[in-house]
Structures are given as C-alpha cells and as structure tokens.
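Each of the next two complexes has subunit A plus one other chain: subunit B in the first, subunit C in the second.
Right after this comes the complex of A and B.
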C-alpha cells in the first residue's frame, strides 16, 4: 500500500516555501504600485497647494467725482486709477521702465475689480477708499518664497526694485493672503492669478448630462433586446462582435465622426456641450451595452422561467422581473463609462472644445470646454504660476472621478440582491 | 400611442435645436504660438466691452487656415492665427470656397531660442554651427555631401565645448519647426558658397539639403509642449532646447538662451531685428464676416491699440516682441481699414 500522507509530506516544506515566495512577490508588487501612486499624488498635491491661497495688495484709490462720472461709472479709466494709486505710494519712482515694473505688482484684473466694486457699491463714489485687489502672479510667487532671490536680477521674473517695494508694502501691512475662492468661481483667464476652473467644470457637467441622457437609455435598450429577444443568428453575432470592437476604438475616431456628422451634416453649434455630449455618448455606448448585457446575464434564468410559467408575456417577464434585478449592475457600468468620458480630451479636440473660453456656459448650446482640456491648456501655458493651476485642476478632476466611482460602489452595495 | 408621441417630441426637439442660431461671439482658430497672445486680447476685449469674449481654439497654423478657408457663414471661424504667412495654395482653397476677401495682420515677432540649463555654460553659436550640428547631410569639404558625422559640439567648431550634440526641438507638424528650418538651418547652410550657388541651379536639392534635420538621435522631437522641453533641459544640462522666446522669458532662472552670431536672445535685440532666428506672427480676418458677427472691427481696434501691441503694451508682458513704431502704424491702418491681402 502506498503511504499517501508520507508521499505528500515529502515535498511539504518546499511547497510551503514556494507559496510564501509567491505571496511575498504579490505583496511586493502591491507595495511598488502604491509607492508610484503615492509619488504621483504627492507631487501633484505639493504643486497644487499653491492655489489654496492668493495674494492681495491694498490700494488707496481716489474715487472722487473728478475721476469717475457718477452718471456713467463704467466709462471711467480704472486702469489709470490703479496706476496713480501705486505711484502715490512710491512717489520717487519716475523712470518709465521702473513705473511699468511698479504697475506690474497689481494684477491686470485689479482695474476690473475696482470697477465691479464701484458698480456694486455706488455709495463709494466721491470717497477715497483702501481697496484690496489681486496681486500679480509674479508677486504672489515671490511672497510664497518660490523665487530664488540669490540669482542675478536678470534671471528672475521679479526685479530688485520690485522686491524692495514689496518689502515696504509687506511691513506696512498692505499685502495679505486670503483663501482663493476665485479658483472655483472664475472661468479661464490668461492671467494665472485669476484663472479658475468653473467654466470647464460646468462644461464637463453639461457634456456628461447629455452623454448620460443619450447613452443610458439607448445602451440599455440595445442590451435588453440583444440579450433577451434577438434571435441567435449570424446577424446578431455580427452585431455583438462589432460592439466589442467599438469598445476598443481610439476615442479620436468618435471625434472625427462628430465633426463630419454632428457639425458638418446636422449643423449643430461648434464647441457646444451638446455636440461634446453626443460624441462622448457614442464613445461610451459600447461600454454601457457590454456592462448591461453582463448584468442581464447574471440574473438567474429561474426568474424569467418562473414569470413565463405563470403566464407573463416575454416583455412582462423582462421588465417586471429581470430588469429591476439587473439595474444596479447596469448603473455601475454606466457610471464607469461616464467616468471614462469625463477624462477624455481627444474627441473634444475635433469638435472645437479645446478652446479658450472665459464665459461660463448657460446652456448646452453655448461654447464650453471640459476639465481635462483645461488641464491640457494650462500645462501648455508659458507662465510659471500655471503649473500650480494645472496640478490643482488635476486634483479637481481626480476628486470627481473618485466621487463617481464611489457612487457606483454605493449603488451596487445598496441595490444589489444576492442569490 | 405614448411611445410614438415621445418619439415625435424627441425628433421635434432635435429639429428645433438643429438650425444654427445667430452667432454673437467671435470665433478664432489657429496657431498654438499665437494662442497665448490672441487669448489675452480676447479676454481683455470681453472684459472691457459689452461684446462677448471671443472663443479662441488652438488648432495649429495649418489646421486653422483649413477651417478658416472652408467657407463663409456662421459655421466657419471669423479669424485664424498663423505663425507663418498664408500660402498661395491656401488663398486658392479659400477662394474656391467663396472666401475671397481676407485681411492680413502682422502682430509682432517671436524669437526662436536655443537654450540650455543655467547649470551649463552659455553656448555661443553661429548659424553655420547650428546647420553643421543638426543637418542630415553636411558638406564634406570638396563640394560633395556626407551623412552628418559630428557627435560633439567641438567637432563642429573647435571653440565650442566637447559636449555631445543633443537638441530637443519641435516635431515636423509645428510652425516653429518650419521657421527654425528656414531661418537657422538655411541661414547656416547658405554660408557655404557652393550651396548658395546650388539654389539657382537646383532649388529642390538646395531645400532638401538645407532643411532636413538629422534622424540619428542627435535631434530629438520633444513634442509641442515647450514647458516639457524646459523641464528636460533642467534634468539634462548637456542638452539644448529649441522653443519660443516667451518660454525663455518665463523660465530665465533655469534656462539661458544661446548667443547666435554674436547676438544674445534678448527682447531688445529681437525687436531691433539683430537676432537672426525670429519670425513674424500673423492673423487673418474674413472680411465677409465683418458686420455679420458683432464686434470684429472693435476687436481689431483693441488688437492694434498701442496699449496692446505697443512697446509698453500688455502683449509685450506676455512675451510678444513688438513691431517697430512705423510698422505698427502702417499695419494698424491696413488692418482697421480692412485692406485686402496682398500676396
């Protein structure tokens, strides 16, 4: 008789060692991938931290009637007011070039900010006010210690004279740092200190809404028909193979399709979230159909058979018994498809959504851009301060992706029935 | 049936939205080099007037002109930016689609710099050095050419350091690359008398000799993102990068521009026309759209204001090298008078 226990025991130590080795390799793989993730998120967070606060500079502005016509306050030269206010603070600056450097301490936005303040508070007219306006990006970088002052003056964006002025302003309390809500409430700008994410965020939201409204019903309809009703023949096979293929088609192809059909043939407005959403819907449709079919397949056949046996029509069997059980899986698939669409830039390039858009869109027909496009545009801008904006925009995009995936998980947990 | 009525409503909705609404916003496309300047003007224009802020798309010079020339009407852009002049083939394409009246505008200069890390020594190059270091074929000394044998800068010119030739530059699709080939490469190429003579005899051969960059790894195509090139230069002090002057200005703490033919890459030198690798930047306006889309004339006035493109204007802060005062005056008159393009 063969002693099986002994025979098995012969290799036991070696087999256990192999098992431990494998487990440690697995742990190592996870540790390395976590390390990379940590490095990536850490470096983005470090860059993005610069966006949390912004620098402001106090200007004493003479809003007297000589400077601003009370009948038409919008026509006043607010740029001139900002300049004269800065000149009054440093009266000994006379050289043209030095004056220009002095003016560059305040953001070009400062004059528009004062104009808005006057418009909102007409009682300011005729008085002299100390107003806080946004400082320029170079000054902001200097205040935060991002400028290496040990370098020769020529190699810096901020000159020795400017540093001297800023030090005077700082010691007299004319410079403050406040929370930078503008990043979340402004549209895009070419001045990094006032550039914000809102127009891109709204554009993304509109596009995704259009995408969901189109792709979800169409995708689920297609999946239910293909899974439950379509006859098993060559044509169905062909359609199935093509849907699987379409899921792997590079997204730029859908952009080209959108360009020729939605813009060229249907004449829909260029750069609009409507067209963006339609293109993204085309892109996510295959993913949604595949997820929805998988979810329908996972419903036990006994549900269908039981309903049919009790006299339900096939449509009733599907819609009353199979579909409600499959819905959580379909929703999860849809949300994951949408998360993919949120991060897409390539198809948007073709339909004109890679654009500089300042105004926040009011409807799906107005020109808009999207979050990943905004990241791309900022990453390509020469101004140093845009590096931080880029990182912060990436964080915003990541937060939304995590939120969407979280919703998918929660929906699944809440609605899923286990058999 | 309710299903049918839903379908009808949906179709009706689509048909209502389909006809393009009257556009009340200027639409600009074109070069990524002009993009930072065009967007700055667009933003200020939107803020300081009652018109909507123009939309500016970054499509590249060629792509922009293609869209621009596709036709007249609300679907087509009003203005296209270009980092090179419009070609006669493009003018013909425009004409074949009914875009017959085009207004040309030169807005300023862009210097193309060869920069390296401030950790390395500043390079002092001539156009001939640049050509010999980067051309695919170089003169062999007896009126024939040979594949580029040079591996280090001191082989090109004994005065240069013994550093490996490693140049990061734009890909062939870029307008910057075209301008670099034309100004720097060809400029160095024709310092050889026999090549200069070749231009008259066999122009295609002359062009291919002068414009073709080497493909053996010494010239590295680094993509369109100039910030990326600046970062790569910081990491590798031996490398030289080719990009626009505005990126040098913003990053002067980490990179330095090379001296070309004895002239440093500085604002004043480029503006005075002493720095040799500098090109003009343009935009083109569709005259048929003036009056159809509100604000085009006002936008042109904003662009040509002294406060915008002048020596002390805000575009100079963004790195645009202004035209001379006389040229600004004559161009402003042409642009605001909507003078037709003169090829």
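Right after this comes the complex of A and C.
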C-alpha cells in the first residue's frame, strides 16, 4: 500500500524540522539586522531633525545716517548696531557681564546679515527697520527644549538671565523659526548656527569628478587589456594577484602615497580636490578593474568568435561587440567604486583636506574639504549644536550614496543588452 | 575533377602535450559540400577550426604540417589572419547573432572590410545576403529589430547571411543544425545545398543522415586520424575501413 501522506518514514519528521529551523534562523538574522539599521538611521534622523529649522530673532535696527554713511555703507559698524538694538530692548541691563550675555543672544553672523541686507536693499538706509537675524546656537537649543533648565546655572550654556530675556522675546513675538536653507547654502563656520555643508559638498563633487575622470578610463583600459589581450603568463598572473590585493589595502595607505608623491614630489596644491581625486582614483582603481573584468568575462565568447570569424581584427571584435555588452556592468562597478570613494575619509586627511574651509571652492586647485571629512570635523567640535549638524551631514551623505546606487541600477537597466 | 581548393598534408594539431589530429591528408574540392563526421572528440571540429585559424584563439593549440587554401600556406608568417578569415567564413554550432539589429548583423562584415562605397550599396548587399540565406521574406519588414528576437533557425540563417555577405570563398560550418528543430534543420540543409553553387562548404556534423543528405564528399575521423575520405555515396554504402562501417551502422560512436 502506497501512502503519500505518511510522515514517519524516510526520516521526514527530522528533515522538515531542520528545514523550519533553518528558515526561522534566517528570518531572525534579517530581523536583527533590520533592527540595527532602524536604530542607527532612527537615531541619526532624530539628531538631524534639529537642523531642519533655525531660530531667528527680531532686532529693531536704526539705519539712520548717523549710524551708516550712505556713501560707504560697508564701513559702518554693524556689530555695534546689533548691540545697541539689543540694549534698547532691555534698557535695564547695565552690568558689563550681563551686556555681554545679552549680546550673545544673536549670532556673531547677525552683523554681517544686516550688512548684506543693507547692501542689497539700499532703500532701507535712513529708516528704522525690524530685521530678522540668526539667533545664537545656545538660544536655538533652548527654544527647542534641548537645554535642561533644572541643571545648575553653571553647568548650562545659557544663563538664567538669558533665559528670562528669551522668554520675554518669545512672548512678544520677537523670535521665529524658519526653514534652515543656510545648512545647504553655507560653507563651514565656527558658529554652528550658520555652519553649512555646501563647501564640503562642492569639494566632494570636485574630488569625485577628478576621481572618475582618472579611474574610469584607466580602469577600463587596464581591464580590457588584461582580459582580452594580455598574454597568459607569469607577469599577467602577478599583476592580477596584485590588483586583487590592492583592492584590500587600507585606504589610508593610498593617502600616505598621495602625500609623498602628489604633494611631496610633484608639488601639487595641498588640500585641493585635484589631489583628493587622484588619491581616491588610486583607491578605486582596483575595484573598477575587478568589476570591469568580471563584466567582460560575462560576455558570451560567441560574440567575440562570431566577429573574429567574419574577419574583424581583435580590437574591432572587442570594441564593437564585447565592450558595448560589458559597458553597463563596468559603469555599475565604477559607480559603486565612486560611492565607496564618496564615503572615504582617511586618505583625504593625509593630503590635508581636513582643513577648515569656509569658502566654496571655485576650482579643483583650491583648498577644499569633503563631506565625510566635514562630518569628522563637526563630530570633533565641542558645541552641542554641532552634534545635530553632524547627523544632518551624515543624512546628506547617505542620500548621495543612495542616489549613486540608484543611478547605477537605472543605468544597468537602460543599457543592458539581452542575449 | 577540379583542382582541390583546400589541401591538407601531414597536419598534426596539439593541445599542449596532447595531440588531437594525427597526420591528416585531405583535399577539399571547390563547390562541393564536404562533411566531416566521426564520434565526439575525434578532432573533426579542431580540424575545421584550423582551416580559418580560429584555433589561434586557444593559446596552447599548435599546428604542424601543411594546410593550403588556393595554393597558399595559411600558416605562413606572411598570411594576415584577418584577410584569411574574411575569405573563409564560419558558422557556429549555436546561433550567435550579435546583440544588434538584423540589418547591423549582416552589414557588420561589409562595414569593417569597407566592401561597399555607399549606403544604398550596403542596403543592396544586405538584402542580397538575406535573400541568399532565404531569410529576406521573413525579416524584410523588421530589419531594425534585434537579431536575437528571431527563432533559432532564423538566427542560424542570419549567421549564414552574415557570413556570405562578405562573399568568402569557403564557408566552414560547425554542426550548424545541432541546436535546431527538424523543420528548421530542413530549411538550413536546403540552404546549404543552394549555397554550394557559389561557395565551397565544409561542414562538421554529428548526424550521419545529414551528411548523407547534403554532402558530396565525406571524411570520417576517428581518434584524431582521418580514417576514410571519399564520395559520400561510397563512404556510406561501401566503406573501406571497418571502423567507418561500425560507425555508420551505429556500433561505435
């Protein structure tokens, strides 16, 4: 009698149990990794949320002729204007120390902001205006409830007197919170409230452009030669082994190489995206070569044979038939290599891209920094507000990484030839 | 009888230390279909690929002896492999159209050899090649579609059209029907018979019926040696060698 429902025979009970056990272990592993990921992204997002909006403070500024010479508005003391405006709001503050605390409510950037407004709107001259200027990071943190007021005054960055003033300002509607575009449009700054990532972003973009321009053609050329033309001998084997090894070399070693050769020997400008890109190119080259070779290997040999049998020269066979089919895979490899380069910090530290850069670099020869280095710098800063900037910069970096991977996927989908 | 177009004398082929072909002497006559038959691993494909030097792609492959096409030693250092292959075309076991359009597949050889001087001439030659391969009526309205959108049999005829577009003297076929169904096979076989008028065809086949149907001359290879070579009828009806007899009656192979 045949019974297909019987479980007892063929060791079936144990086999099914083992199968279930394995599946649950797999699900557990995925759940744990998702949990870690969620925790990491969640905590970064929570920290970064503080950067979305910034606090501004309204100052009544007297832009009369006594304070600003209309012939040369740039020469006026805007810092003094900010101070007098704050003094006028709280006339009963007389003590020198208290005055200083009062002035600290506005960002040191406030005077430059007023100067800019006057320059852009000369019709303001001679009038008295209520102008919104950036508040200090301590005020911003307090407004957002990030300051523990139950702590003794000496352990806080904001004093009792300052808290009292802020409360007055807030109840009179002189404090507002607006979208913080400065984070995306400003360069770095010592003042966390106005520090932005644009200079780092531009530095990263320049470095990556240099890296791509160098590593992609060289990498693909090397891969094509090694895969399609190089004679199979000891030397080729040696080169292959070494390329594979180079892919695993710690990136800081490439930084040291760049320091001694590009800066020390060739005398290229320190801290520049040119050198940064060159170092990153050294680092990504092995990855690109390996990816490009894998992509070439996956092209069916029948295309090559078909072309050669028609009388195509080896170079024609490769460039007309093998290369176009392999290109999407090469591009994917290149973009993944670039994404790796985008997140790289160590080699850039070695060649001086760790400098404090306020200006947005105009060319690949100017000093610049890069996104991951900026994150490193901010993470190192003592101001509480920089913690949030760090998290926000990490989010920006992650967004760019996701974008690059997305481009890689789209490119592959679009260019892929089916055969 | 016409003079042979391909003459092989004492041809030995080695893969590294292993010898695949032993002292083969073979004369291939023009405008005839010559079938190379034999059990797997007997060296018939190796010999075929030696005729247009496709074996050069295998680094460990080495050939000794004398292999002449139209009186020229094709392994002499002065021979340009590209020129040789332009005149000795090849069709492979598995259809391998390029991942390009049908038109581009046929036009490719013409383009790289600059055989046409104008666009209309190129189009005419492509049309002529597809007609010669009996494919024109099936693809005339979709020349811009990818070559691999065709059926297996159509793809193989596309590969034949691609090979004849450059008007070679000799066409080598390495089991061209082994990946095709019987109906597609019949179409390709008929095509081969038609092509015989203009080309010399050397075909490797596993199917003895196919060899009997389409070839005029048959060479039987066994373990790397040429056992028997002669008119197809003679080889199949009154084989001189016992091994040939055993193979065609199905006792070995």
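Details
Just so it is clear, the second predicted complex is superposed on the first by the 408 of 419 C-alpha atoms of A that agree within 3 Å, B and C clash if a C-alpha of one lies under 4 Å from a C-alpha of the other, contacts with A are read in each partner's own complex, and residues count from 1 in each chain.
Everything below uses one rule, namely that a contact is a pair of C-beta atoms (placed from the backbone, for glycine too) under 8 Å apart; a residue touches a chain by one contact, two chains touch by 3 or more.
Only a predicted model underlies this, so the values are computations on that prediction, with no experimental measurement involved.
After overlaying the two complexes on the shared chain, residue contacts for A:379 are found with subunit B alone; subunit C is out of touch.
In the superposition on chain A, contact is made by A:232 with subunit C only, not with subunit B. Touching more residues of subunit A than its counterpart among subunit B and subunit C is B. Legend: residue contacts after superposition of the two complexes on their common chain; A:265 is shown touching neither subunit B nor subunit C. Touch criterion met: A:157 reaches subunit B, while subunit C stays clear of it.
By the touch criterion stated above, subunit A contacts subunit C in their complex at residues 231-232, 300, 302-303, 305-313, 316, 320-321, 324-325, 417-419.
Considering their complex, residues 17-21, 23, 25, 27, 32, 35-36, 39-40, 42-44, 46-48, 52-53, 55-58, 75, 118, 224-227, 244, 246-247, 249-253, 256, 312, 314, 317-319 of subunit B touch subunit A. For subunit C in complex with subunit A, the residues that touch the partner chain are 52, 54, 57, 59, 82-87, 89-90, 92, 94, 96-99, 108-109, 112-113, 148, 159, 162-163, 166.
Of all residues in subunit A, those touching subunit B in their complex are 96, 100, 104, 108, 112, 147-148, 151, 154-157, 189-191, 263, 266-271, 274, 352, 354-359, 365, 367, 377, 379-384, 387.
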